[in-house]
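Same chain, two partners: chain A is paired with chain B first, then with chain C.
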Partner chain A sequence: MDPFLLEALLNGVLLGGVFALPALGLNLVFGVVDVVWLCYAELVMIGMYAVWFLYTQAGWPLALACAACLPLVAGLGLALHWLVVRPLLNAPPINQVLATGGVLFVLQGAATLVFKTDFRSLGVDMPPMELGDVFISGTKLIAFCAALVGAACLWAFLKFTYVGTAIRAIARDREVMPLMGVDPRRIYLIASGVGGTLAGLAACLLVVQLDVHPFVGLSFGPITFMICVMGGLGNMLGGFIAAFLMGLIISVGGFVGSTEMSYVIAFGFFILVMFIRPQGLFAR
Partner chain B sequence: MTGVLTTRRGLMQAGAGVALAATVPATARSQSGPLRVGVMTDLSGPFAGAGSQPLFWGAEVAIELFNQRGGAGGRQVQIVSADSQSRAEVAINEAERLLGQEQLEVVTGIYSSAHAVPLSGRFQQQKKLMWITSAIATAVLKDKNLSYVFRPTVHSDQYAEGSVSFIHEHAKARLGTDPDKVRLAVIYEDGPYGTGVAAGIEAEARKRNMPVVMKEAYSATAPDLSTLVTKLRRERADVIMHAGYNPDITLFLRQAKSGGLRFKMLIGHGAGYSQIDKLSETFGADVNNICNVDPAATQMLDQSRLGAGVADLAAAFLQRYQARHQSNDPPTHASMGFNNTWIFLEHVLKPAVAKTGGMTADALREAALQVDVPVGGTIQGYGVKFARPGTPMSGQNERSIAVVMQFDNGKSKVVWPTAIGVPPVLPLPAGHTYAAR
Partner chain C sequence: MSRPIPMALALLALATIPLFGPPDYVLHLLITATLTAIAGTGWAMMGRFGLVSFGHGAFFGVGAYTMALLWNLYGVTPWVGIPLGIVVAIAAGVTLAWPCFRLRVVGHYFALVTLAAGEIVRILMTALREATGGSLGMTPNRVAAADGLAAMQFGKAGFWWLTLACWALGLLVWWALDRAMASKALAAIAEDEDAAASVGIRVTREKLRVTMLSVGLAALAGALTAQYRMYLSPESVSGLGISLQIVFGAIAGGMYAPLGPTIGAVLTIGLDESLRVFFGTELTGAAPFFYGILLVLFMLFLPRGIAGLLEKRG
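So, the complex of A and B:
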């Protein structure tokens, strides 16, 4: 096999891992609360700034900075739900979308005010893995493994805990569960916190790969939404698989065609899926 | 004040005032009071960190210094600033505001070619002056015969001429191979800026019989460029020519390193590559010896070879800029912002006000067409003379000069044109992170 094609395939898988985590978080929140957090990528951006600040400015060890980022962004997720989403739970969907879209601009503006428009970098570097002619980025590989561990933890939480079971139940039938004694408001809050934690984890993985700036969400936000819709909004497994599918299309498409063309192929595939299965590839 | 405005009578008075102001003709207002000049740059969004912010700061210093030196005919210049937010549609809306609501006769600035292309047509249509201080795509002016759009800075074909000539001149002596054996690769962001530079490089390389083994575009907001890196490795490019903004440049450099990409030289073409402070902060010694094409920042030039009074002007600019904005090596965009705004203020606005007593777009346009500054007459070393209407590059400064510079421990030094540059380090020295092995 052409080693460069093999490298492109591996890159696609690793890229899928990067997309998978925010897609999981977004899908979890939508599946449970039934509200799309348009500002999800901006929560990730705030988390990236937190890691950058604690590591480069406050001098914390990177692991500690990342550990602190998780509760911080989880807290942001909780605040977002409590202050913005909760009052609009019974409002028309367009109001909810506009409200979380408004938060997107508030967070971008706040980051611009506090951190200016400069591009910030952790300056963390890891040597690549060399397998003959194939190079694998060390940073990406670690990020990929961490994303898999994060996804496995989420799966275990949803599968084996009482709260996780309640979350899955609410996601399946929002009307019946309150009749069974589950307090949906509490579950919404918990799901928002978990969604925020996943955004925090995504921030830790992205901050070693991308520069942080107030508009960094533009790099991966739109594609994360596309992945969620393609996998079936609210369907976590679907989103997870769609992330890898998208990573592979972009990477191999870019190798066979051109980098620019790869996104055209990815978006074309997305449109095709929307025509054939508007509910998403893996929607039940 | 709030109380007055919230009463019915207060509102009516305020409304009447606004209505009265709107009836005063623009020409009458242009005869007295401050001279209002629009400065449109990207103060937010990705372009801000890729040079647009220092572009604005440079313009700000120019206007401040101009005012302190007496302004134009004793009248002070007032900035009316607009943030185009790194988005073309915002730039268009802001231009409408500046020309409509603010009734400006001239707007300077414009960082991105993606904004300059749609804006130039609107300015031409409305017969208002657009004074481009940064956007470089040749396509902004070429064959458009625009008569209200002026660009004192270089255009993308000149960037291509700089980088290709530089490699062509040094191929045999420093790369140990004939120029027609040097494998060039061109990667570029897919907007008018990158596309313009890439087309220019391809044409220049063809002219010199140099092979372009790969030419590929990407979106500046792409989250991943590792496949591009893989393909560059496969093509075994000797020299990579790159036209990018930011953060795509830092993403590329990072992924090139982790993807094992090696080359003999990387040449950037302005924009993000001109932010030497930022690149050095992020990559340290990894960006040493990498080259960049742009008009020279003033501190790179031999000040003794500039025209009378120009070195003093450059010193005044640098002193004010560095006092206000901490910078090891002020980016090229700061010099561009200052210089190209200064050219407008000193050589266009001042004569127009002296001649007509006001600053209508037509008076400014007439004055712009009369500008004749010899080489060495501006702080970036070039002269100024605009191509006349009816010529293919109408509005372009025919005396603008791009140089090739090389990074050296956080500073940039000119290495081309050979006549004014120091000898380059070429190829990248052994032991360099990206050096071919």
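So, the complex of A and C:
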């Protein structure tokens, strides 16, 4: 096989790993709380700034900076739920979406005020690895593995813990579960915290690959939403597979045409999926 | 809108503003606010029936680029180019909306499909850089002052009259829609599509018609904005940022009243300018920061917008 095509395919899989984490977090929140966090990518952006600041400005070790980023973004997720989403739980869905859209502006504006519009780079790079005739970026590979580990942890949490079981039950039927003694408000809060943690983890993985700037969320935010919807909103496994599908489309599309065109193809594919299977590619 | 005579008088009073020789800056603010109001009015025409589009920036941009490209490449005057831009935008809108409505893509899904379409349009504008100048943007060719009228290049007063006329046209469309059966049909569709269809409402057709009106107004506003600024770039006339700005204005002012989006436009432009005046360009992030807080507060405490305050409690 053409080594360049092979490289594009591999990079697509790696890119899918990067998309997978935020898509999982967003999907969890949607599946449980039934609210779309339009500002999800901006939570990731704040996390990226946190890692950048702690590592390059405060001089913390990278691992510690990443470890601090997780609870920080989880806290943001909790605050978002408590202050904005909770009062709107019974409002029309579109009001909920627009309110989180307002938070998107707030976070972008706050980042611009504090950090200006400069592109900030972590300055960490690893030598590319050689596999046969194919070169793979080391940072991308590590990020990919960490994303898989994160996804596995989430799966184990949802599958094997009591709270995880309650979360899955609420997502399945939000009318009956309160009758079974599950407090939905507590579950919503926990799901928001876990969603925030996943955003924080995504931030740690993205900050080594992308420069941070206040609008970096717009570069992967829309695609994250489309991945969730394509997989079926609330369907975690579907979203996970869709992330890799999108990664492959963008990477191989960029190999055949240009990077811009690959995004046009990816978005066009999304629209097509919406027409053909609006309930998501992998809905039962 | 139920009182045509006071409305006409108010319009006439607004039209006389340039005769008093106001500073250029004031006229500039009025024009900018009115242009935003046209786009917001168009958006709210769909939005108030539950058709929330996050892709109106695309149509805003299609109107602007069609007009500017026709002028720069083929010398077609904006007087013809703007209507053509509206036609192209409506064609694009129908291409997207028809399958959406036929296949019943609604709610969140409709919003996300329009968001994706908006991004496609923005990327295409950048990617077709041979014609559009890519992300650097483009400037419509200027003509000598004597030919200004034919090329729609004239001073602020002329532009004020033009924008005011287009804004009045937008309100007129709204008013006509409200008087027609279509608005009742659309309200029924927004409540329950199946029930609406069961009493003989042609759901797809009604939705398509209001979409065409809405998209057309967005394209008109986009083309006028580009022509007024004499500059357009993918980021400044299209993309998610512009889409959300249109949505914000309409929501803040109130999308259920005809003058709501206009109130919202005056508010956003006023907010923009006062932040710029008080904080200077040092704090470039201040405007979106306050927008965002206001948007959240509006959703929490005043979901019907400022115009909602003026409505009679029913």
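Odds and ends about this structure:
As a working rule, the second predicted complex is superposed on the first by the 283 of 284 C-alpha atoms of A that agree within 3 Å, B and C clash if a C-alpha of one lies under 4 Å from a C-alpha of the other, contacts with A are read in each partner's own complex, and residues count from 1 in each chain.
Please note the rule applied: a contact is a pair of C-beta atoms (placed from the backbone, for glycine too) under 8 Å apart; a residue touches a chain by one contact, two chains touch by 3 or more.
None of the values given here were measured: they were computed from a predicted structure.
Upon superposition of the two complexes on chain A, a steric clash is found between chain B and chain C.
By the touch criterion defined above, A:Pro61 reaches neither chain B nor chain C. When the two structures are aligned on the shared chain, A:Thr112 is found in touch with chain B and with chain C. Of the two partner chains placed by the overlay, only chain C lies in contact with A:Val103; chain B stays clear of it.
Of the two partner chains, chain C is the only one touched by A:Pro93; chain B is not.
Looking at the shared chain after the overlay, A:Tyr263 reaches both chain B and chain C. By the touch criterion stated above, A:Glu7 is placed in contact with chain B alone, chain C being left untouched.
Look at A:Leu218: by the touch rule set out above, it reaches both chain B and chain C.
Among the candidate segments 3-11, 57-65, 75-83 or 147-155, the part of chain C whose C-alpha atoms clash with chain B in the superposed model is 147-155.
In the superposition on chain A, chain A positions 108-109, 112, 117, 214, 218, 258, 260, 263 are in contact with chain B in one complex as well as with chain C in the other. Considering their complex, residues 50, 52, 96, 99-100, 103-105, 107-109, 111-113, 115-117, 119-120, 123-124, 126-127, 240-241, 244, 247-248, 251, 283-296, 298-300, 303 of chain C touch chain A. Across the complex, chain A meets chain B through its residues 4, 7-8, 11, 15, 18, 108-109, 112, 116-119, 121, 123, 125-126, 128, 130, 135, 137-140, 209-211, 213-216, 218-220, 223, 250-251, 254-255, 258-260, 262-263. Chain B contributes residues 43-46, 48-49, 53, 86, 190, 216-219, 221-228, 230-231, 233-234, 246-247, 250-251, 254-255, 257-260, 278, 281-282, 284 to its touches with chain A in the complex. The residues of chain A lying in touch with chain C in their complex are 36, 84, 87-88, 91-99, 101-114, 117, 214, 218, 222, 225-226, 229, 233, 258, 260-261, 263-264, 267-268, 270-271, 274-276, 278.
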